[in-house]
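Per-chain residue numbering starts at 1, and chain names A, B and C are given in the order in which the chains are listed.
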Amino acid sequence: MGSDLIGVWIAAFLTLGIMSFLYKDNPWYKFSEAIFVGLSAGYWFASLFWQSLHAKFWANWSPAVQSLFQGQFDYNLLYTGAGILGLMMLLRLIPPIGWISRWPLSVVVGGTAGLYLINYLVSNAVRQIGSTIQPVVTFPESIGWINSGGVIIGNVLVFAVLIVSLGFILFGRNTTIDLPTPTKLFFFLIALVACALGTFYSLSMPLNLTGLIIFMGVFCGLIYFFFSKEHTGFFGGAATVGTWFLMVTFGASFGYTVMSRMSLLIGRIDFLLVEWLKVVN
Amino acid sequence: MWRRTVPIMITFIVGTVLVVAEFIPHKPFGNLGEDFSLYFDIIAVFAFILGGGNLCRVHFSKVYRKKTDWQFSIVTLLGFFVMLAAGLFKIGNPEGIQGDVTAAGSLFADLYDSMFTPLQGTMYALLAFFVASASYRAFRAKNIDASILLIAAFVILLGRTPAPSLIADFFAGAGITFMATAFNFVPTLTDWIMDVPNLAGQRAILIGIALGVISMALRLILGVERTYLGSDSK
Amino acid sequence: MLRFKAAIFTLLLLLLFCLSAAAQTAEELSDTAALEEPVYEIPRLAQVTNFEAKDSPDDAGGEIELTWDLSVDDKKEDGLVSKYVVLRSQNPTSDFHIVGVANHRDSSYIDKNLKEGTDYYYKIVTFPKYQGEVRLTREEIDPLMEQYPELTELDIKDVSMLAEYDRDIMSVFDDNILGISRVAGPVKSRAQWFNSKDLDTLIIGLTICISVVIFIGMARGGRKLFLRRIGGLQAIENAIGRATEMGKSILFIPGIQDMDDVQTVAGITILGRIAKTIAEYDTKINMPVSRSIVMTTARETIKEAYLSAGRPDAYSDDMVHYITDEQFGYVAAVDGIMVREKPATCFYLGAFFAESLIMAETGNSIGAIQIAGTAMPAQLPFFVAACDYTLIGEELFAASAYLSGEPKQLGSLKGQDVGKFIAMVFIIIGAVFATLAALTGSEDILEITNMIKSWFSA
């Protein structure tokens, strides 16, 4: 019980020490920071020593060496390679032959490059392209968020996004689409009428146009990332629309995270009030 | 040759083998990726001696030269060695040296619970404050991009709480049905933003990242990019 | 003042959080009362047909694929079938044990972790849904579970149902009570040398890689390639210049991952380029790291940059120092460095997690110019909100090639664009077919769509 109590008091002391940083840098924070850095570095080394060096290396390698002396080859003998590479890394401590540590580094970088190439090709590129291959117009039924007029709201939003995007591409500041203004206005009006009609019809006809927005977002987003072409003209307009989509994405994950971060603070306040001060039960 | 060509060749061979291995399920290629991570973990432990050594050197010299805040360097060193000893020798471990390093009751676990966890948790919790100050600054959106980010963030933030329905109830009570309907749509709008424009942006970013990674990996494997290897001379 | 406003804002958000938490706890739970029922009769369901077992294709061995046609009862709407239970033995007539379950309406199962080259036999049980409350107590079920560990594959309800019939549970599978298929086998598992399912991926990957290689070759051959400028990259030189003018240091954070993350590698390669400018300007660089291998690599990289800038004597190993592997311990120290040293410029280039905002906001509060770059989608919003420039995803990987100015590096960026072009073409073609299929309902067009989709279904 006594040691528990000391533990809680130490924890509270350090908790407040870190929090005091919000006011300004001070010795209390410096102390908590210093202890955190030292303690955690020691913690990581001790854990890595037992969990990687002992459990993954020694436990596999030493039996393999023993069985080698008995004349048997064990697949785990290949761990010798890892050990040698690890030791090569340490040669950095001997400056004249420190360059040998580049060899294990090359193994690491080569392996990382190979693994990432494949993993990102499959999970990010191929799969994302595959899931974007969707109809841009469907008859609604299958999407979860569609309820209580969600389709209509969705479609109105689609048209709004389309009109604003088109307007920007035609008249935006960065655009250099080389058409006389009346022609541009003509196109814009046609689009406006089309969208108005679309909105009108979508009230009576069950069409779901959200696929169009997804398509447009991915397409314009990719245009934003194009390096080979200057962001001017149609290309520039599309790229700007692409950045809007990126901003919505960023805003969405921002907004999504805020509440979970608040819960972290609640967690610490809970510790201080309940476990330490026992103010609340 | 040994300093530059060999490392580049090693990168090429290891990289190529791991790419090819992805398409070969048969032993020993099938789980080469996992073998690589194991290898890496082992190399990293050895390398830690360099990092830990550097940490000690920096703080020892701070104490020795009595630089500003040298007192705190003593605290860091103390923390490091106490935790290291507690972990390596499993001090106070109920099952002795054979036990799990994190076994309850050991000094290692006690230090972890009473010091490491609160420090870690509090540092993480500071995010609540920082996320608030970041949102506060975002409220003074300066251009279209920032405004879009702000609006999306605000809608999602509200949509994930019961606030919209409470506000809608308030308006309904006050007889302003238009506003009530509008606020009742916030959750729907939240879902729409998450499922439609957010998803599209997310996909564009992910496809872009994939192509960036592929091209970067190729530059590394082919030895076009070799900055990480450092210099030719000693 | 900002601090005060932000504090009020924090409180507001906290209030909002408590509100939502309170709303959640307000949800009530209702309890149900168990009723006495007569002994449960297990319905005998139709067995599956066309049951076959064969070696799983395209695997590393140790897997066998089972396929069957659904039980007649599973095609009905009454939902009598709850699942299919897979039994295995190394003997065609006896000693069958449960190895797994497939959901109802599923017609395949992959049995894993088998010995290569051993003969196996399989049976499939059409398992009925238990329509009632669990009537055995935990005390009655637990010993059974201990006796037959394989029962963990089933639900408590299922075990209770079987035990009600016979406490010697496994005998139920021998009696004629459940719908049990014929025995399939013998079958052996083998490893394959090529994964044919990956053929599409291989072709797509090869196309992208070859176009990158071709453009690298073209650039090396002296062909001029146009590339647009990226805002964040132009800002880098200005940021270094500002630090020089102010006589303050530059802080470089390569993320918190090790060299086995390609983002860290990208951060280090960018470091190589900007360290050269830093050396030329004679500015101070401070680089705290959280991984030992990153420390040694960064030292080599900076040393090389100083050397090629002609100032090897200005380099010192102290520029790069290790802090701790621990994410938040590292952040605590970096925050300390920021408020004490007040660097003029902060770079965050690499892989970041929750600590991104803690660092970027602290950097913001000391008025540093901040340039960030990461491929962590979840952290990008925070960098965008708190930094002056952010290299978004792909731009992080392209940055070092850009900054190098070497033709062959720039060529690889052209190759990337070809990849994007291919992606866009297939998205357009696929979307056109998919839309036509959805609007016309034509089976043929749907088939074409599915074919295109299947190329990208890795």
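Here is the rule we go by: contacts are C-beta pairs under 8 Å (C-beta built on N, C-alpha and C of every residue); 3 or more make two chains touch, one makes a residue touch a chain.
Since this is a predicted model, take the numbers as computed values, not measurements.
With chains as nodes and touching pairs as edges, the resulting graph is complete, every pair of chains being joined. Between the chain pairs B-C and A-B, more C-beta pairs are in contact across A-B. Annotation: 14 Å between the Cα-based centres of chain B and chain C. Remark: chain A and chain B have CA centroids separated by 9 Å (rounded to whole angstrom). Listed for chain A are residues 18, 21-22, 30, 32-33, 36-37, 39-41, 43-44, 48, 89, 92, 102, 105, 108-109, 111, 113, 116-118, 121, 125, 129, 132, 215, 218, 222, 225, 246-247, 249-251, 253-254, 257-259, 262, 265, each touching two or more other chains.
Among the residues of chain B, those in touch with two or more other chains are 22, 40, 43-44, 47-52, 55, 119-120, 123-124, 126-129, 131-132, 135, 138, 149, 153, 157, 160-161, 202, 205-209, 211, 213-214, 216-218, 220, 228-230. The set of chain C residues that touch two or more partner chains comprises 3, 10, 13-14, 16-17, 20, 205, 208, 259-260, 262, 265, 293, 296-297, 300, 323-326, 328-329, 332, 377, 380-382, 384-385, 392-395, 398, 413, 416, 419-420, 423. Residues 3, 6-8, 10-12, 14-15, 18-19, 21-22, 30-53, 56-57, 75, 78-79, 81-83, 85-87, 89-90, 92-93, 95-96, 98-99, 102-111, 113-118, 120-121, 123-125, 128-129, 131-132, 143-145, 147-150, 153-154, 157, 161, 210, 213-218, 220-222, 224-225, 242-259, 261-262, 264-265, 267-268, 271 of chain A are the ones that touch chain B when the two sit in their complex. Across the interface of their complex, chain C is touched by residues 22-27, 30-31, 37, 40, 43-44, 47-52, 54-55, 58, 119-120, 123-124, 126-138, 149, 153, 157, 160-163, 166, 202, 205-209, 211-220, 222, 224-225, 227-231, 233 of chain B.
Residues 18, 21-22, 24-25, 29-30, 32-33, 36-37, 39-41, 43-44, 48, 89, 92, 101-102, 105, 108-109, 111-113, 116-118, 121-122, 125-127, 129-130, 132-139, 211, 215, 218-219, 222-223, 225-231, 246-247, 249-251, 253-254, 257-259, 262-263, 265-266 of chain A are the ones touching chain C in the complex.
Across the complex, chain B meets chain A through its residues 2-3, 6-8, 10-19, 22, 28, 33, 35-36, 38-53, 55, 69, 72-73, 75-84, 86-88, 101-102, 108, 110-129, 131-132, 135, 138, 144-146, 148-157, 160-161, 185, 188-189, 191-211, 213-214, 216-218, 220-221, 228-230, 234.
On chain C, the positions that touch chain B within their shared complex are 2-3, 5-7, 9-10, 13-14, 16-17, 19-20, 23, 58-61, 191-195, 198, 202, 205, 208-209, 212-213, 216, 258-260, 262, 265-266, 268-269, 271-273, 289, 291-293, 295-297, 299-301, 303-304, 307-308, 318, 321-329, 331-332, 354, 357-358, 360-362, 364, 375, 377, 380-382, 384-386, 392-398, 400-401, 406, 408-409, 412-413, 415-416, 419-420, 423.
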